[in-house]
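I've put the structures underneath this note.
In what comes next, subunit A is part of two complexes: it sits with subunit B in the first one and with subunit C in the second one.
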Partner chain A sequence: MSSGDSGPSSSKQLVQQPAAAGRSPNQPPLLGAGGRKVIVLKSGDEEEFEVDLLDAMQSRTLRRAIEDGCGDGPMPLPNLTGPVLAKVVELFRRHRGDPRWADELQETEKEGMFKDYAPQKPTAEVKGFDREFVSVDRDALFDLLRAANFLEAPGLLDVTCDAAADAVMNMTVEEVREYFGLVNDYTPEEEAALRKQHEWAFQ
Partner chain B sequence: MLAREMARPESYAPPMSFSGFPEDVQLTILSFLRPPEIAAFACTSRHSAFLCGQARLWFAMCDRRWGAKTVVQSWAPGRSAGPPFSRLYRVLSQWENLIGFWRRLGRGGAGAPSLVFFEWGASSITGSVVSPSPEAGSYGVLKVPFLWLSLSPRGEPVGFLHPARRFDSNGYLEQLVSGSGNLDLDLIPVTIAFMGEDRFVVEEDKSFYADVRGGGGDLGSSDAPKSAGETSPAERHMLEMYQYFANGLIPIGDEPFIRKQRWKWERDGFGRKRWQAEQFMRIADCYPTPSRPLQGLWKGIGENMRLAFYLVTYDNMGGVACRRVGDASEPFSSYSPVFWTSSTEFLRRPFSIEEENIYDSREHIGPITSHGTGIERAVCRVLCINSSYDLVIPDSSGSYTNSQNVEGRIWVYDTGTFGFGFLRNDYIVDLQNIVRNGCLLDNVDFDSSF
Partner chain C sequence: MDRHGSTVGTQWRTRTRARTEPCPATNGRPGADRLSALSDELLLHILSFLGIRKAISTSFLSRRWRYLHHYLSSLDFSQGWDHGSAWFIDRVLLLHAAPRIELFRLSIRVDSVDSSACGRQIDSRILFAVRRGVRVLDLDILDEDPYDSDSNEGNYGLPPWNVEDFSVRNCHLRLPSHIRLVSLKKMRLSLTEFRDDALKRLLLGCPLLQSLELVRWNKASDLVVDARESRKLEELLIVERFDDDLPKHYPMKMQNDAPSVKYLRFHGAALRRQYEVRDLSSLDAASFDLDESRVLYEAADVFTTGLLLRIHQVRVLKLCTWSLQALSIREQRGDLVSAFPCVTTLELKIELEEPELLANILSALCACNKLRTLVLCIMMEFHNCDSDETESPRVLLALDSDIVMRDLKTIMIQGLTRYNHHLGEEDV
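Right, the complex of A and B next:
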C-alpha cells in the first residue's frame, strides 16, 4: 500500500490527551495541537488516528456519533483495519473544503488568466490524490468500498465506486463476472438472446 | 487469492463480491458506467439485469452527468411520475451538444442577427438569438429565446420554435416569454436533427399534432404543474402550449387550422411565407486557451459607440484573424476581417518609446455610464496587426489608401482581456467576455429595454 509521505498522525503522536472523565456530552470535543478540534478514531486492530473534527464530518456515521456525544474518547471502529482507516483519514484531510463534498459551496479561490473558463472542479492535486488513493488491487478497493459504505462518506464512496466502475470498463461480460464475483444464472439461450439485444454495446 | 496488503483482524468478513454490498452501493458503482458498460453488465446475471433497469440508476447516471447544469428530475414538466430517466439520458447525450454558440445559416434577411446561444435551463435547453443591445455605449447583450427543448408530459422529446423573433416589438416578446398573456399559437413544434458534430437542422415536427392528440389521455387535469416555482416562464409557457394542444381545445391535426395559422403568420408579417427548416453551424473555439489567448467570442464598443461581437480565430499557420459576428447589418462582415496578422510574435516589456506613445496617446472607448472613471489596466504584451480593407470601422474621414492606415495594435492587459486600435485614429476598442461560466454577461432583459 502506498501511504504517501504525509500520512496521518499515528497514535504515537497523541501525547496530550486530557482525561475524558467529567466531560458532559455537550462539551466541545478535544482540542489537539494548535487548538484544532480533533477526535480520535480507533481501528479494529487497536490503532488510533487523530482526525480533525470538521474532516470527520464528511462521514455521516461519524457525524451522528459526534453529535451523540461519542467524540470525547477514542471512537472504536471495530470493522475497519488500521491500514484502511489510515487511508480514509488521509482522504478526509485531502478532501477538506472540496466543493464536491462540502455542505456549503464556498467561493472557491480563483486565480490566473483563464479562471473564468474553468468550471468549479476539484484541484488537480486533489484529483491526483484520488487517483493514487484507489490505485490498489481489487480486494483492497473492495475494503475501501466497504469502509465508505459503513462510514456513509459520500466523497469516499464516490471515489471508490468510480474506481470500481473504471476497473470494469472495456471488460468482457466474463471478465466483469469474475471481477465482481457474480454468478451467471442465465440459461445459455437467455444469455445469447440478451447479448444479441445489446449487440451494439459489444462492438 | 491475491496477496493481501492489508492485514485483517479475525472478525473481519469482507464482501468479496459485488452482491455483498448493499443495493445503494451497487447502484452507485453502476452510476459511473456509460450505457455500453451497463449493457454488458446486464448480461452477467439476472439480478444485474434487474439493477440495470432501475429508474434510480438512470436518474443517478443523468444526475452525475448533467446534474450540475440542470435539474434532471424536473424534465418532463407536468408528468407526475417524473421523467423517464433512461430516455432522458439518451436525449440529453444528444442535446448537450447544442450548448454553446451557433450561427444560423442562410436566409438571414436584412437585420436579422445570426448568432445563437444554447444553454441549460432547469428543465429544458433553450436556444436564444443573441445580439448587441441597441443602446449606445453599453455592453448590454439582448437575448431572445426562440427555441425550447424538453420532454413532454408523456416523456417524449419535444421542441418548440418561435418563428418570428421580432426584435422590434418588445411588448410582444415580453408576452411570449412571460407566458402571462394569451397563449402563443405561433409556436411551431420542431425536431432537431444533427448532421455531424457541428451542424444541425431544425425541422417542423409534423407528427406532433397527431401524436399529442392520440396520447393526451394521461395528462389529466394539469392545473398544478409540478414544482411551478422552479420552472421558468418560458418552460411554463411551453408546458401550457403542450397541454393546450393535448387537451384538444383547438382542432389539432386539423389541416385547416394549421393552414389558418400559416395564413396568420403571413398576414402578421411573421416569418416567411411559411416556416422552413433552419440550419445552424457551430462556432467552434469560442474561448481563449493558454496557447491561444486571443481566441474566442468577444464584445467591444466601437467608435460609433455601438456594441459589436467579434470572433477571433487562429489558423494553423499561427496567424490570427478577427471578424464581426452576430449582426447581418454589414453583409460582408463574416468574410472580411476587422484585423488580422500572420504572426503572433508579441512585443514584451519593456516597450519602446514609440510603442508607449502609441498606447498612451489613445482613448479607451468605454461604456457611457462609467465614462472617465478610468479602469486600472496594465499592458503586458503588444501585437502588431493590420486592419483589413476599407470595411473596418466606419470612419467619416474616408480614405484608407495610406498604408499607415491599415496598421494597428493589440494590447493584451494583465487582466487577460485585450483591446485593439489602429494608427489612423486615437481609439482603443476594448474587448470583453460575452459569456462567463456558461452564462451570458450583461444580459439585457426585455423588461428593462422597454
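Right, the complex of A and C next:
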C-alpha cells in the first residue's frame, strides 16, 4: 500500500496538519484538535469532511480502508455526493460510542465509559435525530440507502431500511408499485394465481 | 445525484467486498424503479422490518420480489401466536429457503390440552433455527403446565449451537443437561424458573458468555449465580420485581459467585431474605436502581450488609434513592467510614422529596472519600423557586464536618437545569 497522497489531488485543504507524504502506512492517522484522530473523506463532488476516526470506524468499508493504511490523505468516495456524505458524517457523530453502531469498538468504548464517567446520551434525542435524518423524500432516502450499503455501516443500514419499511408498511401492493415506480411484470392470471397460493398467510 | 458504479477509492478497492448491485440505465430518472434495483441483501434488510405477513405480500409486487421473502434472515414470530395459528409458523418455515438465519424469535402459548405435542412442535422449530446457524434466539413460550422436553434431549444435542444471543422468557423449558452453547455471548432469562443447579450446568456449557441477565428469575427458589467457570462473564444484570400477590418478602436468598464479573446492575426491589456475595472480586462498576417506595429497615439492612457493603472494590458506583437510604442505616454503626475506598465516580439518582435525604447523600460521600467525579441526577423538579429548597444543593456542597473531598474534580448535575448556575458558582 502506498501512502495517502496517491489519491486524486485535493482542491481544498481542510486539514491543518502537514501533507501526508512520506508517512508510512503503519503510522496512526492524523490528529485533529484535542488530540483525537481524524480522517478526511472526500465526496464525488470534491467536498471534504473531517471525521473522527472512531466515528468513521462505524463503517466497515472505511474501517478496512483505514486498517490498510489509507487514512492518511483524503479518502475519495466518488459514489457519494457532498450532501449525502454530510448527513452520514453527522449521523456517525451523533452515534459515537453507540455499541450497536460500532460493533467491534464496543469493548474499548465500554471500558472508557466506566473508566472516566461519560454521561449517557439521552437516547430520545438521538432517536429524534434518527427520525429527522430519514424524514426525506423518496430519492434522498434512496441515496442514503445506497450510501449505507456502500459504507457497510450497520446502524446506518438499520435506520434507512427501517425508514424504507415504514414508507411501505401501510401501503397496498398497488400503492407501493405506484410510489416506487415498480413495473408489474406479472400477467393478471399469474398474479391472481400467486395471490391464491398465498392466501394461507392472510387469513 | 448518486452515480453508482464509478470507481471506488483506488488504493483499497481490492479489499472492498464488491456488492453486486444492478445498475439499470434508468437509474436516477424520476419514476424509475430504484427500489427493485437495490441488491437482494438490502431489500431483505428492508423486508426484515416489515414483519413476515407484510413481507410475504411483497411477492405480489413483481417477479423481482416473488421469492425474496423466502430468504429473510430474521424470522420474528412474536405477534403473540396461539397454538391454533401455529401452522402459519410451520408453513413459513417449510417454505423458507435461506441457508442461514440471523434471528429467530418465537412467541407462543402452549396448548394446555396437548402440551406434549405442542412441546415437540416447539422443539422442532427451535431445531430449525439452530440448524440454520441462528445467531440470536429469542423464545417466549407461555405454558401454564410446563412441558418436559427432557425426552427430546437428543434433538438439542445434534447440531452445534451458533447462538450468540439467547433469550428465554416465560417458559419453564428444561434445557438438556449436556447443552453446549459454545458461541453464546449474551443470555437473558426472564420470568423463568430453573430448578436446582440448572443455571450452573447451563453456564458450564457457555464458555464465552459475556453478559447474563436474570430478569424476574427464580421467584420461587433461591437465586444463585454460580459462574466460577465462566471466565468471560463480565456483565451481570439482575432485575427483581414480581407483580403478584405473593408475600412481600420471598424466603429465598440471592447468592453471587461470579469472580470475573466487572459490571453489576441491580434493578427492581430488594425482596430476598438473604443476600450473599461469595466472590465478585473483579467487580469494577456497580449500579443499583431500586424503585421501592418505602425503606423497610430489615430488608434494607439485609441488602446493605449482604450485598452493598460487600463490593467495596468498585470504582464506579451508581446509587438510587432507596439504596442511599438503605446505606445510611449503617452509618450510625460506623460501617460507612470509607466503605468504598476505591470509588472515584459516584452517581446518585435522587428523588428529592424530603430534605432529610441530603443527609443520606452526605453519608454516601463520607463512604467514598477518594471521589473524583460526582454526578447528581435529580429526578424531581422543584415547584416553587422561592422555597428553601434552592438552598439544598448549597448545603450539600458546603464542605463542613469530616467529609474529605480533596480529589473531587467534577460535579455533574442532571435533571435540575434551573439551578445549574447556582451550583456553578460553588464548584469545588
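In the analysis below, the second predicted complex is superposed on the first by the 155 of 203 C-alpha atoms of A that agree within 3 Å, B and C clash if a C-alpha of one lies under 4 Å from a C-alpha of the other, contacts with A are read in each partner's own complex, and residues count from 1 in each chain.
Keep in mind that, in the parts below, a residue touches a chain if its C-beta (ideal position, glycine included) is under 8 Å from a C-beta of that chain, and two chains touch if they have at least 3 such contacts.
In this text, all values refer to a predicted model and were calculated from it rather than measured experimentally.
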| request: Kindly classify A:68 by the partners it touches after superposition: subunit B alone (first), subunit C alone (second), both, or neither? | output: second
| request: Kindly classify A:194 by the partners it touches after superposition: subunit B alone (first), subunit C alone (second), both, or neither? | output: both
| When the two structures are overlaid on chain A, which partner does A:131 contact: first (subunit B), second (subunit C), both, or neither? | neither
| task | Considering only touches as defined above, state whether A:96 meets subunit B (first), subunit C (second), both or neither. | result | neither
| said: Going by the contact definition given at the top, which residues of subunit A touch subunit B in one complex and subunit C in the other? | reply: 1, 44, 78-79, 81, 84, 114, 116-117, 119, 139, 142-143, 145-146, 149, 157-158, 161-162, 164-166, 168-169, 173, 176-177, 180-186, 191, 194-195, 198, 200-202
| query | In the complex formed with subunit C, which residues of subunit A make contact? | reply | 1-2, 4, 6-7, 44, 61, 64-65, 68, 70, 75-81, 84, 114, 116-117, 119, 139, 142-143, 145-147, 149-150, 152, 157-158, 161-162, 164-166, 168-169, 173, 176-177, 180-186, 191, 194-195, 198, 200-202
| query | Where on subunit C does subunit A make contact in their complex? | reply | 1-12, 15-17, 19, 21, 30-36, 38-39, 41-42, 45-50, 52-54, 56-63, 66, 88, 91-92, 262-263, 284-285, 315-316, 345, 347, 373, 375, 412, 414
| field | Of subunit A, residues touching subunit B in the complex | value | 1, 44-45, 78-79, 81-84, 113-114, 116-117, 119, 136-140, 142-143, 145-146, 148-149, 157-158, 161-162, 164-166, 168-169, 171-173, 176-177, 180-186, 191, 194-195, 198, 200-202
| field | Complex interface listing, subunit B residues touching subunit A | value | 1-2, 4-9, 11-12, 14-22, 24-25, 28-33, 35-49, 68, 287-290, 293, 416, 433, 436-437
